[in-house]
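Two complexes follow with chain A in common, the first pairing it with chain B and the second with chain C.
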Partner chain A sequence: MADTVQEFVFNLTFPFTRTLGSTLSTFSSALAQGQIIGVRTGGRVIAPPLEYDPDTAADSGSDWVRVGPKGTVSTWTWVPEPTNLHPLDHAFGFAFITLDGADTPMLHVVDAGSESAMAAGMRVEASFKAPADCVGRIDDIIAFVPATDPSPSEGAGEPFVAPEENDITEMDAYCDLTYVDNASPTTTMWAKALMEGRIIGQKCPQCERTIVGPRGMCSVCAIELDESHVIDVPDRGVVSNFTIVTPVQYHGQTETEPFVRCSILLDGANAVIAQQEILGITASEVRVGMHVECVWAPANERSVQDIDNRSRGSGGDAIIGWRLTGEPDEPAENYLNRMM
Partner chain B sequence: MSHQPVAIVGIGQTHHKRKRADVSIAGLVREAAQRALEDANMDWGDIDAVVLGKAPDLFEGVMKPEMYLADALGAVNKPMFRVHTAGSVGGSTGIVGSHLVSSGRHKRVLSVAFEKQSEGNAQFALGGGKGASIGAGGAFAPFIRAYIRRSGAPEDIGWMVAVKDRLNGAKNPYAHLKLADITIDKVKESPMMWDPLHFLESCPSSDGACAVVFTDEDGGKAASKPPAWVLATAMKSEPGWYSGRDAVNPQAAHACAQEIYKTVGITNPREQIDCAELYVPFSWYEPMWLEAHEIAAPGEGWKMTQSGATALDGDFPVNMSGGVLSSNPIGASGLLRFAEAALQVRGLAEDHQVGGANLAIAQAYGANAQFFAMWAVGSSLNPLG
Partner chain C sequence: MAPTENDIAIVGFAQTSPDRRTQLTEADLVLHATRAVIADTGLDKSEIGFTVSGSCDYLSGQAFSFVQNTDAYGMVPAINESHVEMDGAWALYEAYVRLLQGDIDVAMAVGVGKNSNSDPSTLYTIEFDPYYLTPLGTDTWSLAALQARALLDSGKATERDFADVVVRNRANAKSNPYAQIKGDYSADELLAADYVRNPLRRHDLPPTTDQAAAIILARGKRAYDFCERPAWITGIDHRIEAHLPTVRKDITTSVSTRLAAQGAGVGKGPIEVAEVHAPFSFQELIVAESLGLAASTEINPSGGALASHAVMVAGIIRMGEAANQIIKNGKNRTLAHSTSGPCLQQNLVCVMEGDQ
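Let's turn to the complex of A and B:
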């Protein structure tokens, strides 16, 4: 059964937003109109513009300059097999391109067809999306392509007059990250026990603390704990403290109503299992001192896919929650301090 | 261990708001840093090294922002350090900056800390990107319940802290919340967020940054405005979770305070310290930290709140700036505490100035109440005489 759980796959997504500030708002708003701009600061034109001179950190001001749409590749690398995270679905180059009218290079994509077409010094020009699809993101420029006419860009280096107010002041930055958590030997033992309907702890031979939701170590004594330190602990106990969370809504939130997470001091074990749900009562009815027992999912419905190496005490889908036993409450003051 | 004296000669902060829609992250940190440089009568080129702190990168979804911000903060061709110790990070960022001077390695160091909470969601980030995040309030509510029971404090203590800190915040031009008309009734009638914590007993979610310029002794003596002197620094950590841990009264808090008091020669904190900025993101942390940092005896912290001792005109003012309850750009919140303590001993805190403040402390804590940072600052190198 050591291979019950090998790895957990998690997907982390979130719609972050960026406020752009005046400089990048000006750049984005112009880009959405098909115009690339830079800023003249410290005697040179930086494109795309920065809020500050990168050499001195001085404010770079608002002396805007039209740059491109053509430019010259100064250096490049080739991506022969793009992944789904790359900007193009076929082989392409990443290049530093110094746009006409600019003194600093920008990083962008060159869609040159083949690696042999790439060269330092090659002339390229921006290929924009259709105007209706341009939103002020850097990928409004689909790619730079070899320039059909290598002559200088018209109007490059001339002043750009920014509007009084920019159209674009914010940008979405959607995060989508999938990662794999390889189960530690201790997590594997924990998951295996849950699948069998058992709760285990590891007992430190030095301080005799029992850690439920074991970690493979004693945090206090800093000694390694292994299979030989595993003990079974009761699946009954007393609510020692709790929190009632009024859920705020965020991307990925699963809760809409106030919910409870309890610490439970397990009977006779001098050990606390934390972050547990109580079944059958409303959040406001939870009290310190209540006797509770574990409610296990039927053996054939148990799953531990949602636990990881850091979620100490998480019962995955093996533990549904805890229900009242009906015994009289214990005095709260005897339990409250066992938050952990 | 011999240390070089360290002076604080520049302090800057942003106007903290729920959302600073007018600036990028770079613009936010630069706003604070430029105010600190101006206060110090310095320019970017005068700085030898930069220290940057913020809470977890998942808050904004910008990984390793120190890379993106190095040139925005003038760190080109200079050392740049990133500090992260969860909620205490702002304090740690100040301490690391001061150590770069006290060690003799650098003469002028800029520490900057920030959070731009509006770009993401703290509950999401603290929940590891999963649903049913308990958030900071959910994590700390059980500790507070345990404190209330063991201390026997009446329930209105938390409400009193919430009112007092907001009234102080209303005097601070940089504070996010300025609730000059807050009352006890408004606090207790506000929605219950994490029982026993009401909405108005909880910190806001803010965008903001704070910056501090440190110099050596010569720089402090030459400063155009009065400096603050760093008298002692301490950082302590402990495991966040172990069976039987008493998170109400963390050992790391006591160890931090003891080290500070010993270094400065403080034998009676309540009498000798003029004012304190403590990291109080939820109201009840005022009495809890007064006790855990040995300013009040065990079980007596709430009596300082109740008697008005911690009010701006009390004998031991706490959170003159309005504290975390008035502004919470998380990564910056610790440095804001540390900076306010320095402002007080410089005599530059204007409407929230404590008269004659010569010795002040500041504290920050983080994660599961397990990382602690603290410093003491004085109007001179020997304010106790």
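Let's turn to the complex of A and C:
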């Protein structure tokens, strides 16, 4: 049906601020000044530096060495169609580049214009962003480009004296991934019922429990449940549990005041419908045992756009919330020790 | 052989259809795989003393995604359960170790991955070194291609060798009802395709697959309750190399595979069949060489990871396929291999034997 979403796109985007520790802080602080460094450990220079010797796990120490800005490609590949996460928007190479003064290669981008320019042994040199744009992250180097003068880098292999305190001790990073999930048959059933103003569950033929919303399986008996096990469940029940959330203003949080989320055990069901909102009372007035009934959005305003496989059991924009029926509370102790 | 109480065997294996795009959720896939293996072995689920799965939150785009998947186990009364953020092959390793404790007799290992929700050219950027690799959008295809180029430049293999691996695996896959990519191809035809990441073409890359698989392990004599000819695990070992491929001395060989093979006792006798987890065609050449396999060993009669490759599942399927060679196909000594991490960083080798 047209109102039921078949595919949903979601972006997983969250910011990190990573602390760098002493070795990476030294590297980043130098990089922001246009200087690439490595560390001499176990008789060789590792660049970019690691905190530990990968062979022995010994502390790499702080015998810093200037490396680059030129280097030699040892292996390479070519990316004809960059993704949104790649640093260049045109075809480019990735390569292992052993910088002058270093013994191990670093992986970086080679902006060579054409695949045919790439070869093991090619001499390349780092091309940095403008000094004001450098933040001490590996992509301060926009790319390596074919070296105009293949001769050795000046000063490569010489000691680097780190400042007493590094300017840069943290790094911003973003996770930005796109997913396209598709509605499972069970999710589709649930969303379709909500659009019709119905709450459905599935009744297990083995243990006779009714699970709301449907999961496509009995999570007690571990057997598959399908459309033949679907039953209508009354849109009224009892608050079996709740929590008051004091919102922290994290990335994406839109709530600003404390709010309640309830589990509701619908009449005749064996599993709760979770994360529900109670209308008309303040957070501090919610009690376990309250009788509530569903407040549906008018049929022409219902939407299940945000019902995906991960939010199964939530009411989307079809259910506005739940209101008190005014019946006397059930004893709260009847709702202890529930597992679902 | 008369098993001791410390001998552990694979006694059952099931997998779901490897689909390019399923409508099912990971929990649905787990249910189908576990129901099938329980039915196959004639177990009652209450006999399973330990259940462990391998899956990945980043494939689902959701934290703790494996918690929903446990719905499929039927956890009333509560069960003894664990999870690894690794291929199900590592879940199997944990199940094996758990059985060695001696207080339970039966364990179930599961791998599940709905891979089609995400884009493999971007997703794994967050798997790599967060300081030096992730900010460059370093992707898993590019890393593999860097390794492949190094292999070509070393003179150990040619692009035609890569294509030949694909041709053989796709042909083998024709007899595997659980293969997604199969058929008769020629190397010439494959080599005519464009590069996706020079020197790799689309056929050198793993397919995108949604799948689950489950394996039942049993200890000592209990194995015969579920299986006439159990696949006894006579050696299993897992070795790891540095995460950053640039600090490894030689990426055209796999030191961790070689050490794991020694640890698992591969060389103690002939291996009739090896199921190798090589997501990229050329990696089969590196792994086969590093395992020290004889020319007579048949590699990937199932079609291997080039025939279907659900990340988190392809490794445990190798375990199941190698076990089935003993359980159902009369072989005596087989090997399963699984890999994880950039450029074959981690490698797990398992040797199985049947009763003679």
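We adopt the following convention: the second predicted complex is superposed on the first by the 326 of 340 C-alpha atoms of A that agree within 3 Å, B and C clash if a C-alpha of one lies under 4 Å from a C-alpha of the other, contacts with A are read in each partner's own complex, and residues count from 1 in each chain.
Here is the rule we use: a contact is a pair of C-beta atoms (placed from the backbone, for glycine too) under 8 Å apart; a residue touches a chain by one contact, two chains touch by 3 or more.
The shown structure was predicted, so the numbers you read here are calculated from the model rather than taken from an experiment.
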| item | value |
| --- | --- |
| Chain B versus chain C as contact partner of A:Gln253, first or second or both or neither | first |
| Which superposed partner A:Pro234 touches (first chain B, second chain C, both, neither) | neither |
| First, second, both or neither for A:Ala95, with chain B first and chain C second | second |
| Partner chain(s) touched by A:Thr19 [first = chain B, second = chain C, both, neither] | first |
| Partner chain in contact with A:Pro150 - chain B first, chain C second, else both or neither | neither |
| Touched partner set for A:Pro159, first chain B, second chain C, both or neither | neither |
| Which superposed partner A:Met106 touches (first chain B, second chain C, both, neither) | second |
| First, second, both or neither for A:Phe242, with chain B first and chain C second | first |
| Touched partner set for A:Ala271, first chain B, second chain C, both or neither | first |
| Doubly contacted chain A residues - partners chain C and chain B | 10, 12, 16, 18, 20, 24, 50, 54, 173, 175, 218-220, 310, 339 |
| Sites on chain C touched by chain A in the complex | 21, 23-25, 27-28, 31-32, 34-35, 45, 58, 60-62, 71-76, 117-119, 121-123, 125-126, 130-139, 142, 145-150, 153, 194-200, 242, 244-248, 251 |
| Chain A - residues contacting chain C, complex | 10, 12, 16, 18, 20, 24, 46, 48, 50, 54, 74-80, 82-87, 94-96, 104-109, 115, 118, 120, 137-139, 171, 173, 175, 177-187, 215-224, 309-310, 339 |
| Chain B to chain A touching residues, read off their complex | 19-27, 30, 44-45, 60-61, 71-74, 76, 116, 118-121, 123-124, 128-135, 137-139, 141-143, 145-146, 149-150, 191-195, 239, 241-248 |
| Residues of chain A that touch chain B when the two form their complex | 10, 12-14, 16-24, 50-52, 54-58, 169-170, 173, 175, 209-212, 218-220, 241-248, 250-255, 259, 261, 263, 270-272, 274-275, 288, 310, 312, 332-333, 336-340 |
